[in-house]
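In the two assemblies presented below, chain A is common to both, partnered first by chain B and then by chain C.
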Partner chain A sequence: MHLFKLVVRNALRHRLRTALTVVGLAVAVLAYGLLQTVVDAWYAGAYAASNARLVTRNAISLVFSLPISYEARIRGVEGVTKVAHSNWFGGIYREPKNFFAQFAVSDNYLDLYSEFVLPEEQRIAYLRDRKGCLVGRQLADQFGLRVGDVLPLKGTIFPGTWEFVVRGIFDGSDRTKITRQMLFHWDYLNETLRKTAPRRADQVGVYVAGIDDPDNAAAISRAIDSLFRNSLAETLTETEQAFQLGFVAMSNQIIAAIQIVSYVVILIILAVMANTMAMSARERTAEYATLKAIGFGPGFLALLIVGESLAICAIGGGAGILLTAPAATVFKMAAGNIFPVFQVSPGTVAMQFACALAVGLAAAVIPAVRSARVRIVEGLRAIA
Partner chain B sequence: MPVPLHYVARNLWTRRLTTALTAGGLALVVFVFATVLMLDAGLKRTLVTTGEYDNVVAIRKGAETEIQSGIYRDQAAAIELNPAVAIGPDGRRLASKEVVVLISLNRIGMDKPSNVVIRGVSPLGMMLRPQVRLVSGRMFHPGAAEIVVGSSVARGYTGTRVGDSLRFAQHDWTVVGEFDAGGSGFDSEIWGDVDQLMQAFRRIAYSSMVVRLADGSLFERLREEIDADPRLAQEVKREQVFYGDQSRALSTFINILGLTLTSIFSIGAMIGAMITMYAAVANRVTEIGTLRALGFKRRDVLAAFLAEALLLGLAGGAAGLAAASLMQFASFSTTNFQTFADLSFRFVLTPAIVAKTLAFSLAMGLLGGFLPAARAARMNIVDALRAA
Partner chain C sequence: MNAPLVEIRDLRKSYRRGGQIVPVLTGISLDIREGDFTALMGPSGSGKTTLLNLVAGIDKPDGGVLRVGGVDITALAEAELAEWRAANVGFIFQFYNLMPVLTAYENVELPLLLTALSRAERRERVALTLSMLGLADRMDHYPNELSGGQQQRVAIARAVIADPTLIVADEPTGDLDRNSAADVLSMMQRLNRELGKTLIMVTHDANAARAAKALVHLEKGELIGAPEPVAH
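So, the complex of A and B:
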């Protein structure tokens, strides 16, 4: 009990110093949490992607398309339950910075994506309107789109200005689903291309296939690819998750840099914290010598210092962890259109806790060792 | 009379552990700050050197990148014959009609592929880009399934050494040479014969076209004539502007991310400096009283402690900058969000960055040291002398 009292009293002796250290720790733990959440957000698309869907694309790269005739042949592969197709549209809504994903999709596309929830009457309205489109909730909220609004897009890949009418707004089945996208009729795109650029018509960007058993994904992928080997357009099939991870991997050095930097902030605060403890311990050299002279062992002194360090880290780290969730909400509002999903995961909180603990322990090592070694006579003579 | 500087410096030296820890914290922040600036400078330099001032790129209106663009053969011919286009020594027009597509290649040591630009160039393509020169092997022969690779591609991807062969679009392509493009964006590309590549990829239109202006001042004229020509749906941009535009998003992203991070981190480091300086003041109350009694003014004491804080900041700044300068030996590669292709660039340290970084570290020291120094200066002589 004495120990606990001493620890608290010691921590409160230099209120300003302790307060500054606590603030620094809170900022660092908060920054660490936000950076880890940024990394998680990068992977959100891949986490939300399914293992029960396969994506077939041109083997050369995504820039190349596949003929529409492949659809029937893919459907015939054993294990494939449904096949839909989609084209990346890449249009500009007013300004290039308003970037969001737009896909021209076949009418059965949403059957494969059960995580997108759309009211039945809106689905029918969409199917009836050739120029109709569907927008996700996150996208609708960002631009204030409502059912019935006209959505004009300037084509970058498909020239001209295209006008779509919002016929429905779909929601994600839970908060991890990304609904920052727009879907419209592939047939509309294709019919227009037949008139303006016949050579580019009847082409599909990717095929999405639903399969009966995710465990067979590898075998079915191989079966699909073998159908088209040595054809004009060879295919590459992988699970949707692997497909999405491929995108993430393209910016892996940026992600690695963010990861490194998130640990740099912990190192910075470790330096600050270690400094605080070193200063406190040095100022108290004479006291520690007195305690030793009374008969307390070096273990007790070490406990005293480690305890104080941990107490400060607990307060600072705790404040940082508590602030992370509200800060993430603010961050998401400020930069909402970059990261459609921005949620603090339990793993991040656990790592924040572990980092605060590690800082608390590491900062106390040098002062604890020093105080344990100091000789009583020298210690009593010391002047801070 | 000001307090001598060596008194200030020796105060820092006496508390070596504390000084080292505080300067270490500052150095880490400075390191992150400098690295971000160097990365952005590297990206900018890569793209500026990619473009020649007198070169003009034509792409389809509305397209933002060469990948999205298309130019039919008759349109390309019309642009090539514009009088603003320079004529070479052999009487040919200095124009290169090019096809640009992406292919997936595997990075060395990774199982996930990245997109690499493969560019089909006309025979004059090399001449229009004087910064590109062969470092090993030879140029591809027109009409053969041969390719040459940029130095970043050769370093970063499997199967791209001279003599290797890559398979795509139902052909085996032999790598016959490696070129160095002086740190420009072309280092991240693979080049081949435009006619061979168009046929292999079954393209009927070129992607883009690069022409050399007969005179730099003819750009406006060329642009107006192309805009006015009903056959053409292309727009032209100076090559430097074109490549600068293509990386604007990436550059903004690096800047925003990096500067947000450093401002958050600097809070931590400044708190560290503040703690150190408060302790320095608290421990030396009697000393401060003595200084004042000796006749040093309040502002001298203030200046002495500020100088101590600045010195601390400078030590951290120098250490951080030294570490950051080592990053010049590293290169960074990532996907450009706009072109969707892999781009690799170096960390570049410029004098402006050195100045900015040192100013930043001094500012951190100053901000952290100001309140403690003010406290020291405000002390009452008699109270301070009694404090011990």
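So, the complex of A and C:
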């Protein structure tokens, strides 16, 4: 109790210094949390992707398509339960800055994505309307889209102006699911292409296959690819998660830089905190010497310093952790729709806590050892 | 005759300064008996504070014999020495050395935290000691809310609270005005006369030294003559 009292009162002795250190710690822990959340958001799509779904694409590049005739053969592979197909559309909604993903998909596409929840009546309405489309909740909220609205897109890969009618709005099964995309009938695209660009008709961007056992993903992938070996369009099949991570990997260096910066921030505050504790301990050398003269051991002095350091870090780190969630909300609003999912994960909070604890302990080590070792006679001379 | 409380024989101490060894005490021999109030006097650099520090167990001699209460404190390890100081020595410093973040009550209570006394026993003892020293109404004051004389009285209370065998005081009046100094010296005399405490005081103030029962003069690390009784 007396130790606790001394720790708290010592921590509050230089209120301005302690307050500035606490603010620095709070900002550092907050910055760390936000930067780690940016990294998490980057990977959110890949992490949300399933290992129970395989994506088959052209082995040369995603730019090249696959014949629609492959679907039946893929469906015949042992372990494959369902097969859907999709094409990246790449249209512009009003202005290029309004970018979002648009896919022309087979009608059974959503059967493979149980994480997208669509009311049954909207599903039926969508299936009945050749020009119908489905939009995710995040996308609908962003552009104020409602069921029945017309959604015009200017084609870039598929020229012309394409008009769709919003027939349904699907939600994610939880807050981590990204619902910032638009789906429409592949048949509508294909029929139009048959009229306008017949050579591009009956082509598929990727096949998505549901499998009965994720543990067999590698074997099934090999089986699918072996079907089309030495054909004009060889395939490359991988899990949906690996497929998504392939996209994320393109920005690996940026992510690495963000992660490095997040730890540099912690290192900087460690230096600040260590300086604060060193100054405090140096100023109190005579007090520590007096305590030793009275009979208190070096362990008690070390505990005083470590306790004070941890108390400051607990306040600063705690404030930083508490501010992270609201700051993330503000950050997401300010960042617009760059990050459809921007949530502070429990893992990030745990790392923030660990960083604050590590800073508290590391900053106290040298002052604690020095104070514990101080010779009483020399310590007493510090004020004499 | 009983054995002396403090037995010093051929005590030597030197410091290393700038690569040179500077002798501070060069073979001091002195006995201090229980109930004595001894003043160590001498010019700056004579070694009086070093001698006090050695007797109090906060510094180690280079050689010689140093027994306090029959214990050869030169043979004790650091942890043992800390325990020995907690049980046997009370300290009074020139600049009081109170913890600024603790109240007068809490400062005086500090040495008792190293004992097995209960909280209630500690409270009773601290309150009684502070009352004896005329600080009953200053218990909840922090050092910066007290005058120099009051702070030194708190320091005296801290020095005696654990009932030590020996009280050492290094220039206890050096930072006080004449009235406060007289007050502090009077209290030290009471501790000696009424409670039978053994005190060793370092001072260069002849007036302060006259409060003691005996004067010991040091010069250049050596005792000058035998302890000189003070007539009161």
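FYI, the second predicted complex is superposed on the first by the 381 of 384 C-alpha atoms of A that agree within 3 Å, B and C clash if a C-alpha of one lies under 4 Å from a C-alpha of the other, contacts with A are read in each partner's own complex, and residues count from 1 in each chain.
Definition applied: a contact is a pair of C-beta atoms (placed from the backbone, for glycine too) under 8 Å apart; a residue touches a chain by one contact, two chains touch by 3 or more.
In this text the structure is predicted, and so the values were computed from the model without any measurement.
Visitor: Touching A:286 in the superposition: chain B (first), chain C (second), both, neither?
Guide: Touch partner of A:286: chain C, not chain B.
Visitor: Applying the document's definition of touching, compare chain B and chain C: which contacts more of chain A?
Guide: Looking at chain A, the partner in contact with more of its residues is B.
Visitor: Which partner does A:73 reach: the first (chain B), the second (chain C), both, or neither?
Guide: In the superposed model, A:73 contacts neither chain B nor chain C.
Visitor: By the touch definition at the top of the document, which applies to A:222: first (chain B), second (chain C), both, or neither?
Guide: neither
Visitor: Touch test for A:232: chain B only (first), chain C only (second), both, or neither?
Guide: first
Visitor: Which holds for A:63: it touches chain B only (first), chain C only (second), both, or neither?
Guide: Only chain B; A:63 stays clear of chain C.
Visitor: Under the contact definition given at the top, report the residues of chain A touching chain B in one complex and chain C in the other.
Guide: Common interface on chain A, chain B vs chain C: 384.
Visitor: Write out the stretch or stretches of chain C touching chain A in their complex.
Guide: 53, 56, 58-59, 79, 82-83, 85-87, 91, 93-95, 97, 99-102, 106, 109-111, 113-114, 158
Visitor: State the interface residues of chain A toward chain C in the complex, per the touch definition above.
Guide: 2, 5-6, 9-10, 13, 286-287, 290-297, 375-377, 380, 383-384
Visitor: Show me the residue ranges of chain A that touch chain B in the complex, using the header's touch definition.
Guide: Residues 14, 16-17, 20-21, 23-24, 27-28, 31, 35, 59-64, 90, 96, 154-157, 159-160, 199, 230, 232, 234, 236, 245-246, 249-254, 257-258, 261, 264-265, 267-269, 271-272, 274-276, 278-279, 283, 366, 384.
Visitor: State the interface residues of chain B toward chain A in the complex, per the touch definition above.
Guide: Spelled out, the residues of chain B in touch with chain A are 17-18, 21-22, 24-25, 28-29, 31-32, 60-64, 67-68, 101-104, 110, 112-115, 168-170, 201-202, 204, 233, 257, 261, 264-265, 267-269, 271-272, 274-276, 278-279, 282-283, 332-335, 340, 342.
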